[in-house]
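In structure tokens below, several structures.
Here chain A shows up in two complexes: once beside chain B, once beside chain C.
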Partner chain A sequence: MEIFVSQIMTGLSIASILMLVALGLAIIYGVTGVINLAHGEFVMLGAYAAWFLQTQFGLSLLVSLVPIFILVALFGWLIEALVIRHLYERPLDTILATWGIGVMAQQAVRLIAGGELRYVEMPPALATSVTIFGASESAYRLFILFLALALFALTWCIYRYTHFGLKLRAIAQNRSIASSFGINSGRIYRFTFAYGAGIAGLAGALVSPLKSVSPEMGTTYVVDAFMVVVLGGVQSLMGTLASSGILGELTGYIAFYSNDTIAKALVLLAIVVLIRFRPQGLFAGRVRT
Partner chain B sequence: MKNHRRSFLKGTAALGTMSLVGFPHIWSKNYSLARAADGEIKVGVLFSLTGTTAIIEESLNKATILAIEEINAAGGINGMQIVPVIEDPASDPATFAEKARKLVLSDKCVSVFGSYTSASRKAVLPVFEKQNNLYWYPTLYEGRECSKNVIYTGAVPNQQQDDFVPWLVEKFGKRWYLIGSNYIYPKEENNYCKKLLAELGAEVVAEEYVPLGHSEFSSVINKLKSEKPNVIFSTVVGDSVVALHRQYHAAGLDPQTMPMASLTTSENEVAAMGGAAAAGHFTSAPYFMVWDSPENHKFVDAYKKRWGADKVTHFVSEPSYFQVYLFKQAVAKLAESDIDPNTIREAVKGEGLVAPQGKIKVEPENLHTWLWPKIGQCKADGQFEILKQSADWLEPSPYKAYPNQLCTATGLQES
Partner chain C sequence: MKVPGKTTSQIAIYAAVCIAILLVPLVLDDAFLLNKYARYLVFGMLAVSLSLSWGYAGILNLGQAMTFGLGSYCMAMALKLKTIPVHTGSDGLPDFMVWNNVTELPWFWIPFHSLAFGVAAGILVPVALAALLGWFVFKGRVTGVYAAIITLAAMVVVQLLIIDQQRFTGGFNGITDLAQFEVAGFAFDAYGSSSYYLVAGCLAVTLFLALFITKSKTGLILQAIRDQEDRVRFFGYDVALYKIFVFSVSAGIAGLAGMLYTIVMEFASPTFLGVPLSLSVVIWVAVGGRQSLLGAMLGALVVTGVQGALSESETFLETWTLVMGLLFVLVVLFLPKGLAGAFEKIAARFERTPPGAVAESTAPRSEPIKSGREIEGVS
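And then the complex of A and B:
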């Protein structure tokens, strides 16, 4: 029982981190159709922002979450306004452009903050472990899990129940018809991009106490995030939630009974096989194109 | 006729150029071998300043430069100055080989100091063996290499484990969990560790490898919780070390009952993970920054003065520093016209000096180094407390896990 519970919790914990990272990517790709290869660097910038606020101003991680969201969202806003805006009609070029932005962000951080590995101190209140059904679990990992679910719920509500979300869905279905009804699609795109970037920044800040912070850290996250989005199906927020849950539990389970190297390989293999037979992903809704 | 003469001239000119460029050894014996000239001794410094391993290799570059500057400031070697040629191989093995070729062939360096990873050493090895030059490698590594073109000043498995493993078994117990990154170094170290454990009657409950750069250790920690080993023997490297320690700490595991015993966690890694996450765990190495000796105080002070008071020295930067002094001692025995990689290698055999870690010497048979293994426990301030030093300096045996193989001055002997 104890092992069973802790096994499920481990899977959920991996899943929550996957979802945090993938959520921003899914929103940006689902709405604007931009494959954002700089997404990992948004995560990295969030982690560095957490490190910077903590070492320079002594801010605890919990206090700095809101400023980090705003900072990275602002960065996303600028990138959209300066670069991406001009490339919406040229999807291949956006891949190259976002990749270039990612490389530049990495090197800029290396020049400014140095190449050393950094870490962020865990909030002291969460640096304990909690017992659930006999299995002990790190309080901080539970905190990430709850925050990830809360962020997902928030995003879902915006998407589903607000005026902004309605416009967003209209644009996602057909940009030109939505525009002809008077929706300013350029503005919506920019908000979406900024929001996605901000969420990625939060993800980076939240994982920074558990993992190391380095200029290259984004590279691994962007691969994981793409796996989640591909498996879940683009334009489906529920798909993102479900597929990160599946991937997290699957990875945790295989890694426990075998090891992490095998887990990584098998999970990738499973995804390759799956998209061979279901290219639209598991949970893609029907979309008119 | 004119045409003929012209093409004839062209032809001979081309032939002449070719023989000058293509067959220089016709004109002077050993011309291709790099040597010292004009009162200068050129050496290569080949550590990555960019890319993934730049974090640690930068400190090796700094230690090397510090030693060269000190030697030059004290009058050089027999009045000759050491001139370092610094290249940045960008953490990429192919670039390592390319830069090594440049240092040896076009800069004519008589020796090159370089490399942190085994992958980069393996990449440059053919260059040094083919050109018969000399490579000075400061990193602890997995052993099982026997080249007359490399001087190894870091520890091999027997020098890190012979004291460490029995000590841990006695102090903590016989159930061991081996975890490493998935490449050759951890596998060879674990191979040797399993031999020692078998002799001690200890049990390996799991042997596991995670992908390089892996950062999600929740499944591993779950296994640790269910297996409850006495010792976690870790050869995880790079940023994975940081993630493993921080997640171990966050999960509330206790180093007093289930300590991690590492061969790769130095002051450098501890600085990157924070003292709180590292405190209580053990590392075996020939050098720790807190080692109390006049030579080490001098090294640490000079390093901080040159590169910044917040910098740390560690068990790879110390060999990077003393191996330049070994080079100096070897070259000092040679006449100026005699300085080339071959004579330097012969001169350094058996050469010794008092390094920051203690008195060391180069073993003439296998060109590895006699070192002083120590066991350190990490404290919350990011430094180690040295609990034990070996009674005597320890012989390097790069093939100790393979009893039918022996590295000698004439090459690898198989029986």
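And then the complex of A and C:
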């Protein structure tokens, strides 16, 4: 029982981080159709922002979450305004441009903050463990899980029940018709991109106490998050939730029983096969054309 | 569609560049520099291979390094078996296998005792794998972004497998301590003009082969597929077949480049199949001009050349990577056809001006306008 619960909790912990990273990617991809290869770098920037605020201003991680969200969202806003905006008609080139931006962000951070590993302290209040059904679980990991679910619920509500969300869904379905009804799609795109970037920044800040912070840390996340989006299906927030749950548990399980490299290779092969046979994802009904 | 005058001048320019490259060893007598330039030429060849599939058929292969690395490993395996291992004597096991407690040469290593087999495999293995992957992807009508992601994922899978199977592939360390490449008793010294000539000769041949393909009817259909895939399908052409063809040819050229890289570098490493190298190839081709074979090649030479010159200092190199990223983004934004496209535009502008002005404006070399341009207006 204990092993079972702790195995499930490990999976949920991986899933919550996956979902935080994938949520931003899914929103951006679902609404604008841009595969943002710089998404991992948004995560990395969030982690570095957490490190910077902690070492320079002595801010605790919990306090700095809001400024980090705003900072990284601003960065995403800028990227959209300067680069992505011009490329919506050329989807292949958005991959290249976001890749280039990712390289630049990595390199800039390496030059400014140095290439060595950085460490962020866990908030002291959460540095304990909690016992659930006899299994001991880190309070901080539970906190991430709850925060991830809360963010998902917030995004869901925005998407489903606000005026902004309505416009968003209209644009995701058909940009030109939505525009002809007077929706400023350029502005919505920019908000979406900034929001997605902000969430990625939060994800980076939240994982920073669990993993070491380095300029390359984003690349691993972007691959896994992409897998979540592909599995979950474009435009399907619920699909993102479900697929990050599935992948999180699966990754925990595979890492427990088998070799890490082979597990990674299998995940990538699964991506290839999935894209080939079901590019719209497992959970999506409609396809964006 | 063909304009004979344009094609002739294009061939002339390509030939001039190839001759210039072949003449370098006559004026340069520095073994180290020759080796370095030979390496750049290999990258140029890799850029030509990507330009063929990306620029002419619209298949953005983010895993071009996969076929390059496979070619490199095939050559390294053949050259490794030509060495005499310290521990096991002649015809013995390669050193890294001994370290990993492998007692018998694995079956897939045995044919590599023949160098000819190694050379053939260095081209055929990448071609076969590309054909298989192409069949899988293009028969399912997976295009654009999704196809790009699949090529990237496939490359990482191959790289992970090579790293994981350390007993048979040398793992992270790759395959080192190789014999020299030898044909009919003549050894190609990596630090001599012979290897340089080998690389430059192969580059010239592949450049003209690629040019020939783009000028052929197949090449025109490929460009049409790039611009309007559905219309070509409506005409009754088997789009997937054409794509598989160009994807495989591109893989074969990349495999050849990989083999030459092993000869010049004297080792093979899993980084040859890495994401950073693949990204670099895309950058070279984008900067040089994806729709010009020569532009892509020169893009590779210029970018790697500058990178090599700056690599003396760590800070310079890191700043350069930053600048490179910026340049890449700018090129994607403003010059989708790269520098070659910019030359074309300038040349076209001068051609439209009255004859009097042309005489003064011979300075910028006019890159010939490709026949694909006319078709492109449709999209």
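Please note the rule applied: the second predicted complex is superposed on the first by the 265 of 289 C-alpha atoms of A that agree within 3 Å, B and C clash if a C-alpha of one lies under 4 Å from a C-alpha of the other, contacts with A are read in each partner's own complex, and residues count from 1 in each chain.
The definition used in the following text is that a residue touches a chain if its C-beta (ideal position, glycine included) is under 8 Å from a C-beta of that chain, and two chains touch if they have at least 3 such contacts.
These figures come from a predicted structure and were not determined experimentally.
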item: Touched partner set for A:T261, first chain B, second chain C, both or neither; value: both
item: Contacts of A:R141 with chain B and chain C, given as first, second, both or neither; value: first
item: Touching partner for A:T220 - first (chain B), second (chain C), both, neither; value: first
item: Partner chain(s) touched by A:I177 [first = chain B, second = chain C, both, neither]; value: neither
item: Chain B versus chain C as contact partner of A:L62, first or second or both or neither; value: neither
item: First, second, both or neither for A:L269, with chain B first and chain C second; value: second
item: First (chain B), second (chain C), both or neither touched by A:A127; value: first
item: Contact residues of chain A, present in both the chain B and the chain C interface; value: 110, 259, 261, 264
item: Contacting residues of chain A [partner chain B, same complex]; value: 3, 6-7, 10, 13-14, 17, 110, 115-119, 121-122, 127-129, 136-138, 140-141, 209-212, 214, 216-217, 220, 251-252, 255-256, 259-261, 263-264
item: Interfacial residue positions of chain C with respect to chain A in the complex; value: 58, 60, 62, 136-137, 140, 142, 144-146, 148-150, 153-154, 156-157, 160-161, 163-164, 275, 279, 282-283, 286, 315, 318-319, 321-322, 324-326, 328-329, 332-333, 336
item: Residues of chain B touching chain A in the complex; value: 50, 52, 54-55, 58, 182, 208-211, 213-216, 218-223, 225-226, 239, 242-243, 246-247, 250-252, 271-274, 277
item: Chain A to chain C touching residues, read off their complex; value: 35, 83, 86-87, 90-93, 95-97, 99-101, 103-104, 107-108, 110-111, 219, 223, 226, 259, 261-262, 264-265, 268-269, 271-272, 275-277, 279
